[in-house]
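Chain nomenclature is as follows: A, B, C and D, assigned in order of appearance, with residue numbering initiated at 1 for each chain independently.
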Amino acid sequence: VAFPAFQRTRALTEALAALLSPEDATVQSMPDASPAKWHLGHTTWFFETFLLEPFQPGYRPFHPSFPFLFNSYYETLGPRLARGQRGLLTRPSLGEVLAYRRAVNEAMGEAWPLLPGVLAELGLGHEEQHQELLLTDLLHLLSLNPLRPAYASLARPGGAPPGPLAWVAHPGGTVAIGHEGPGFAFDHEGPRHLCHLRPFRVADRCSTNGEYLEFILDGGYRDPRWWLAEGWAAVTLEGWRAPLYWEGDGTDWKVFTLAGLQDLSTGDPVCHVSYFEADAFARWAGARLPTESEWEAAAQGSSPAGGGLDPMVLRPRPAGPGTSLRQLFGEVWQWTASPYLAYPGFRPAQGALGEYNGKFMINQMVLRGGSCFTPRGHTRPTYRNFFPPQARWQAAGIRLAEVS
Amino acid sequence: VAFPAFQRTRALTEALAALLSPEDATVQSMPDASPAKWHLGHTTWFFETFLLEPFQPGYRPFHPSFPFLFNSYYETLGPRLARGQRGLLTRPSLGEVLAYRRAVNEAMGEAWPLLPGVLAELGLGHEEQHQELLLTDLLHLLSLNPLRPAYASLARPGGAPPGPLAWVAHPGGTVAIGHEGPGFAFDHEGPRHLCHLRPFRVADRCSTNGEYLEFILDGGYRDPRWWLAEGWAAVTLEGWRAPLYWEGDGTDWKVFTLAGLQDLSTGDPVCHVSYFEADAFARWAGARLPTESEWEAAAQGSSPAGGGLDPMVLRPRPAGPGTSLRQLFGEVWQWTASPYLAYPGFRPAQGALGEYNGKFMINQMVLRGGSCFTPRGHTRPTYRNFFPPQARWQAAGIRLAEVS
Amino acid sequence: VAFPAFQRTRALTEALAALLSPEDATVQSMPDASPAKWHLGHTTWFFETFLLEPFQPGYRPFHPSFPFLFNSYYETLGPRLARGQRGLLTRPSLGEVLAYRRAVNEAMGEAWPLLPGVLAELGLGHEEQHQELLLTDLLHLLSLNPLRPAYASLARPGGAPPGPLAWVAHPGGTVAIGHEGPGFAFDHEGPRHLCHLRPFRVADRCSTNGEYLEFILDGGYRDPRWWLAEGWAAVTLEGWRAPLYWEGDGTDWKVFTLAGLQDLSTGDPVCHVSYFEADAFARWAGARLPTESEWEAAAQGSSPAGGGLDPMVLRPRPAGPGTSLRQLFGEVWQWTASPYLAYPGFRPAQGALGEYNGKFMINQMVLRGGSCFTPRGHTRPTYRNFFPPQARWQAAGIRLAEVS
Amino acid sequence: VAFPAFQRTRALTEALAALLSPEDATVQSMPDASPAKWHLGHTTWFFETFLLEPFQPGYRPFHPSFPFLFNSYYETLGPRLARGQRGLLTRPSLGEVLAYRRAVNEAMGEAWPLLPGVLAELGLGHEEQHQELLLTDLLHLLSLNPLRPAYASLARPGGAPPGPLAWVAHPGGTVAIGHEGPGFAFDHEGPRHLCHLRPFRVADRCSTNGEYLEFILDGGYRDPRWWLAEGWAAVTLEGWRAPLYWEGDGTDWKVFTLAGLQDLSTGDPVCHVSYFEADAFARWAGARLPTESEWEAAAQGSSPAGGGLDPMVLRPRPAGPGTSLRQLFGEVWQWTASPYLAYPGFRPAQGALGEYNGKFMINQMVLRGGSCFTPRGHTRPTYRNFFPPQARWQAAGIRLAEVS
């Protein structure tokens, strides 16, 4: 990976943050979500910690307290600010964090020839993950503001409705799953291994707001038959009656977005549903969610289409050619029926980077694809995203599957 | 299944309860655990609801409120007492619940020829599950009593130490997993299906208290490297430093059991550990937990040995012949690395019985084998037990595996 | 105080408990309430600890663990079972606790001549307090049982309606408040001291269910104007819409009592209201609650009438002669507007008994009078009861006051 | 009150906020504390709501949503943002809130001749209350920041140690308590009324850090004998072992202040203690806290000395002449032994302003005097401050009293 790629990725994060006031960048709306300022600092700390400190002789950290502030979850690297307290950091100011970024960017430029490419790529993949989180966390924050503010006045995509859902058959059999080869991937995307699949069919597009609305109108949120027991408990305790960010009643709904409150577009993929909701909807629809192996097998040969993540556009992007599946990578993440587990033969790295993925392999479900908040270079058929089944603030939607 | 089998199973539950005072049978020690009296009533309600009401013409329920009291989690069957309130039932008295059992037992005898055998068997399997739960819930209750009371003055098994752990290799390949055939099994034990396994090795016996003590003495509970992130959070928040029911410090430990406080026997299988502890121990030991497919493949051909569940004995029972694996069925449940999921092609039953297993398939891990609290007829190689990864009050232990 | 008085008081506690099954006597319905078995043991421990141990040479405690189990809140006396865990004591059994009572009763008889009378009287006053708590805690427990069981089939008092409320004027001025003299009183009932009162008027009887129902029907629970801010928060969070134990809607209400569910009697004093409700009702009624000085000044010269606490009767008792105030002592406790504070010059006792009252003088409001659950000898004009303002499970009602 | 007084008071609030970044002004550190930006908006809303809207014909509110955002607790005025969500307001920006202030200040200037003076004075008293809260809430926020930032680099007062504590005797008797007369006071400072006091003595100065340190070193936080039961529960649950903002151990302590972390000055009045701590310290010292009547009687004739609240100085100010009591008004608030209650004859105002004080008269204790954060015009002998007994983030300290 070349230094200009580093520069472009880092600049995109800063461009995403440029629309935010210091206040917007500082407040934490819930323990699961981090302030934008923290994302800006944490991604910088990542390069400082895993690249500059070990590989740039004589590198002196920017600020002695920043490792404590910006370490996310690496136990091996010492104590850190509790996750739920990231919103207390009125200092350092946004300006100071941006200065931190500039200093580390510069130091990275000087050190670049000395740095292991694989770690630099990891740092960029990490930065891209936080670009998406910065946006989803921000959406959560703004959604709680009674003024209903917009992050940007984004143009609504004026696309045609998606047309009827078609089922794409896959013959099943033994398929190879997981990453292998020259390109970058996170550790948990491999090792590539064989899976035996039964024949199945997968929807050629995501389920829409309109289809999900039928589920609501059919009493989906009031009928325990469709729900896992834990999901039904969440429906009852949290009072769920629609996806997160839907507001309204009956057939008249609006959706809070980064462009503010907008009319519900029945043709758009349903978004901001939990695994519990995705699973209940699928059961109601007489279908099921695909496993991650099925999803990957069906998506093989496809690749994300052009169009980057532009803070002024933030719109769905078409899938690239390759399969007859639509909406694979640029619309919504797609919950799969697969718990997040190690692939056979997976071994975490030695040292702190071994904590990157492996220690989260419990009580989480895999999502595949990518959303309109996902940076382009960050989508690929083997990519494994994961969240707990009750999480709703991510851009997660539904692609159905069924037995052939 | 013949009526005397019904009678024997029901009588065993009552024999287990016969050692309890009305007070012992009534109190609920935590929301996860139910009072013995509730177990006695709930299993009776199960026969009343799923057998007598639909199949015995003119059957009149014993008491109009008992369905509300003793329905566990069947949403389809209407409202019910909240789980955490089962301990408020000072009425009906233990005597009344036993009278309820007698009445239903009698009605079952009259109705027996009219009843579908598969449902009768389901009711007995269900009864056996609650026999074990009655004992594990009781152990939890007694463990919280400062008087440290014993349920029974059980004879300690005076067996020889288990000898060194040996690894049994399995060649992997395509294996058939799951129940199929004439005998009874729960719905989620099937359909039988093919799995592809890599070659692996599995420990020929469970890990012992002595081996687990080494983990403790090596600082296992203080080193986040061994732990899943959620497990480490539990260690920290709950202050875990040994298995549940261990009391002591350093190398001097006692264990609270149904026979009261006893010296730790280093040769016994370690018990009352969570999945998090089992997983951390395995990682510390340079091994891993087996998947449920690996466990079942390795156990095929083995069967539980003789010796039932006797309230006055409650001791480990030897595994039957068939494989070189020891301690498969009569010592401790063995955590596997497999989340609890539907087998391919699984379809829950129509109606309320469809809620029996299917709706719990999230955030739980599979355990295999059986414990010394498990009724004999209730153990078989395809049996799938499941609990959340943080659960410690079940008789759960560890069998290691590793890549061949 | 003579030994037969001791015997009578102790026997009354046992008579109250005689209607309970072992289960009823064991379960704890909330941390604020204790099981009857615990009350039986705790009052016994009190005599053992404060009388037998110090004054009976060679006395040997009944059981080495009972001080840990039955110490309520005396920090000076060492560690104790946490309040919320009193319901875990399935052992000792009810029979064992009754045996404990018999043994201590017997030892008390032998030791009687050696015992300081003032401490013996304190022990009896203490026992009487727990007689009332045993009943109010039991009512709470039974109220949560879906079977709606009755403690006893009590005869309803068939009295005439109370007639209109009349106001009794008091001229105010300097009055002496508090206990002084030969009879027994708790430490906090003194020292007797002068208070300056403005002229005031006090209702000659308690407010009735019917009057409270008007408050409800007038939207009292939906209008924040009547409520203290903390009270309104409780209304909102807890969903209060009527006194505790009222069930129904609109004008059709039933009340759960120790005799089971009964029709609301509009002439009875309203009961089981919190201070917040009493205060809001008074404000709605254009009145206020009396201070404890006003209450005592108005009640001076009155004394409780005959009729003890009989477990088979448990009915309101008429006030004795002396003032024109009705319903002073035998119906409901009456919330006053006075926080529970030390009287001027109050000094707690040295040692553990100094913890009896003094350390609770914060965040509690004084109640005066007595209820139909209060033992007769336990009522007197200077008696100070106290509970937090949100407490509703005590037999607390309302007597209004206003400025003259 | 003249318009320039309004301008001066409003300008002081803005001067206090001028040292804050937008981030500092936005974050809420706990539900009890509000962000500076919210204080700036709320005080402005107060003038808009209670003065401009009713008295300036044709006044049009600045922003239709601001009443929802900035209403603190006035139920009568409609729904409002939940207290714990005040920190989510990244919008409006600090700049917008300051523009809101400017607009309302201007409108107030135009409307001034039409406005009732008593309400204008109430608005200024209210503004002054929030000036102190802005500082105490900010101190709490900054104290949680690992960078330990300073609000301002304040000069430490270099005063001489306070010298030994002397007792000032008061003869007791009937004294008049409360506000009466031409000057402004809050409603609850009256009506003026007679109280009967026993002779008492009061400390001529506040208790010092050094004296409090003796309490700590004597095991004060480990000995339940000194504590109210609720206070001891707080010590145990919250792990209190020193006043809030003390850091260190043994005899080596630092204190976090608005000037950052500073050495503990043993001669300064102890500050940031709860009522529970003040009460325990007094009991340990063989004394007690004064009642509010005692405090006021002792302070009569005294008045606050010169010196305003200057954001760059923020230092203790000497008490004015008048009594031999030192440190009455400009150092720390002084906890009294009096629960916060209505004075005899108190009647809250009609309408929303009736909610100003009256509805908080439960579970709070009165503090008297004033702190170095209190605006000068805001201190007077009749002033009644009140907080719950567990509150520690206010500038509250201790003045001892004892029986003569």
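Heads up, the rule we're going with is that contacts are C-beta pairs under 8 Å (C-beta built on N, C-alpha and C of every residue); 3 or more make two chains touch, one makes a residue touch a chain.
Since the structure is predicted, the reported quantities are computational estimates derived from the model, not experimental observations.
Asker: What's the farthest chain from subunit A if centres are computed as the mean of the Cα atoms?
Answerer: C
Asker: Could you tell me which pair, A-B or B-C, is linked by more C-beta pairs in contact?
Answerer: B-C
Asker: In angstrom, rounded to a whole number, how far apart do the mean CA points of subunit A and subunit B lie?
Answerer: Chain centres of subunit A and subunit B, defined by C-alpha means, are spaced 38 Å apart.
Asker: Quick one: subunit B and subunit C, Cα centre-to-centre, how many Å?
Answerer: For subunit B versus subunit C, the centre distance works out to 46 Å.
Asker: Pick one for the touching-chains graph, please: line, ring, star, complete, other.
Answerer: Topology of touching chains reads as a ring, each chain with two neighbours.
Asker: Subunit C touches which residues of subunit D in the complex?
Answerer: Within the complex, subunit D touches subunit C at residues 73, 75-76, 174, 194-196, 198, 224-225, 227-232, 275-276, 337, 339, 341, 344-345, 359-363, 389, 403.
Asker: Please give the residue numbers of subunit A that touch subunit D in the complex, ascending.
Answerer: Checking each residue of subunit A against subunit D gives 21-27, 29, 37, 65, 68-69, 81, 85, 87-94, 141-142, 144-147, 149.
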